[in-house]
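These notes are about the structure you will find just below.
Going by the order they are written in, the chains are A, B, C and D; count residues from 1 in each one.
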Amino acid sequence: MRKIIVGVMGAGESASAIDRQLAFELGRAIAAQGWVLLTGGRNVGVMDAACRGAQQAGGLTIGILPDRTAANASAAVAIAICTGMGNARNAINVLSSDAVIACGMGAGTASEVAIALKEKKPVLLLGATDRSIEFFQQLGAVETADSIEQAIDWAKIICG
Amino acid sequence: MRKIIVGVMGAGESASAIDRQLAFELGRAIAAQGWVLLTGGRNVGVMDAACRGAQQAGGLTIGILPDRTAANASAAVAIAICTGMGNARNAINVLSSDAVIACGMGAGTASEVAIALKEKKPVLLLGATDRSIEFFQQLGAVETADSIEQAIDWAKIICG
Amino acid sequence: MRKIIVGVMGAGESASAIDRQLAFELGRAIAAQGWVLLTGGRNVGVMDAACRGAQQAGGLTIGILPDRTAANASAAVAIAICTGMGNARNAINVLSSDAVIACGMGAGTASEVAIALKEKKPVLLLGATDRSIEFFQQLGAVETADSIEQAIDWAKIICG
Amino acid sequence: MRKIIVGVMGAGESASAIDRQLAFELGRAIAAQGWVLLTGGRNVGVMDAACRGAQQAGGLTIGILPDRTAANASAAVAIAICTGMGNARNAINVLSSDAVIACGMGAGTASEVAIALKEKKPVLLLGATDRSIEFFQQLGAVETADSIEQAIDWAKIICG
């Protein structure tokens, strides 16, 4: 009965239009698999775009918010988990996901990829630069993908 | 699109058979309203019983676990949020619930009721002893109920 | 080389003048034993008074702050630990203390006493009402004292 | 009266002998400035080495531990803060430090540097590879140093 949760991490205010488009499509693809989408839940950037994509495809979305309330949550978050603990909630994002996909890169995203490596949680970099890939591969077993299809294929192996 | 979340808090290993029966029925009643049930998620006591009740009634269940993994989660938790932060997660239980119902009492439950009062979150004591009611009423605005019907009526007012 | 830490918990804005006076003297007495004082660190109520007492007696003071910064810390906190996690930091207050003394009562204090019981951490209620004592004694092994001398004698047994 | 806190982050079990030697000397230099040293507190790697260096120089050491108890703390930690929240405590390490110095690199360290950038906390990479420097400089304003003397000079500007 336990639902499979795929976490999508990415930049907030600083996310590029390309990152957001990728995140929207990734959210759609995750929902199409019947998986629950988990993000940091804020109403900006990759978090918001991925949730909107999943919602459009009829999927369930969870936002693990840094704030005490859901006032700044994405409108496409169905289940708002209010942690009130700022960036310390990044560890929860990682631990609660069966697989973690970083869509683009930002400081918060980097902390989540790093914690995933520390926790031996399966993690994939989607659309990352060579610099980011090389940095993380020296720290642990990080996977990479250039397309949503590749990312979903990887997650299928992990999530059964 | 945001789902309404009602948190049910209660004792774990030390929960009485009466507490567990009440929690099971409460979980059923919450699900029957179309609300999401949130608990501490472990596979014991009030947490487990409430989740089983909600699940039986076709409801969605969230467990905010103290552990890094879902290994000890209730089998009736559909969405396992793994915090890895022990009792510090009690604050998340409270903040993420639109309304909090304490079903019976235990040390962890008491911490959650107290945090709810601190955070001005609507909180109700179901089936509490006079001693517990008097203690918490000196600390803030806590409601009480003797029956599941009363508890649901209270939650309806809060959750619209 | 490990320093002994005694935690003093109590109300913030709502602390009575008597609570604050008691906390000040308790802080002094803890420092006089050579113990480090730990509080929730804010510049109000029992937290502030206990830190000022300990500081006046030449002791070391730690504040485990709910905020991201020390802007609202007591001026008598020497070491400010900024958690940025609100009331979730109450669990850290308890876990980091060799012994916990609740000085008066408030909603936050109640959450800390409850977590101490849950974590099997030695905890004493100083100057508590019968109602508070009876409530917590049904939840676990809580000690009580009517005077600072009694509280220090109890802590001496625990802290060697 | 508030003490200045300098955080030193670095690898645990995987730290190299060079990292540990650098951390030991860095701990000594921080203590020599009269600053408090803060680390992740475990009895391995950079955390342990930095604390031993600071302790040898007569400085005060704080360990922000991931565990519920201090059982696995470095023997050179004077003040053990037990968070019981695993890697979520990395955010506390950053927020509680006036300046953060990463000594070498590891997955946990990377998460702390990333959070420092996210929180706009002054952060310096000591002895980092070009790959690490380039990665973090694309995410925010990170400083670098090749020697302890340079690192201390940087911290002096921040810490007054």
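One rule holds in what follows: a residue touches a chain if its C-beta (ideal position, glycine included) is under 8 Å from a C-beta of that chain, and two chains touch if they have at least 3 such contacts.
Because the structure is predicted, anything quoted here is derived from the model rather than measured.
K.L.:
Applying the document's contact definition, name the chain pair with more C-beta pairs in contact, A-D or A-B.
P.N.:
A-D
K.L.:
Going through A-C, C-D or B-C one by one, find the pair whose contacts repeat those of B-D for over half of the pairs by residue number.
P.N.:
More than half of its contact pairs match B-D, so it is A-C.
K.L.:
Using CA atom averages as chain centres, what separation in Å is found between chain A and chain B?
P.N.:
Using C-alpha averages as centres, the distance is 28 Å.
K.L.:
Based only on mean CA positions, could you tell me how far chain A sits from chain C in angstrom?
P.N.:
Centre separation, chain A to chain C: 39 Å.
K.L.:
Which parts of chain C, given as residue numbers and ranges, touch two or more other chains?
P.N.:
In chain C, residues 68, 83-88, 91-92, 119 touch at least two other chains, as defined above.
K.L.:
Okay, in this complex, where on chain B does chain C touch?
P.N.:
Residues 85-92, 105-108, 110-112, 114-115, 117-119, 129, 131-132, 134-136, 138-140 of chain B touch chain C in their complex.
K.L.:
Show which residues of chain B lie in contact with chain D when the two form their complex.
P.N.:
Chain B residues touching chain D: 68, 83-88.
K.L.:
Could you pull out which chain B residues touch chain A in their complex?
P.N.:
Counting only chain B, the residues touching chain A are 1-3, 5, 36, 55, 62, 64, 68-70, 73, 75-85, 91-92, 95-96, 119.
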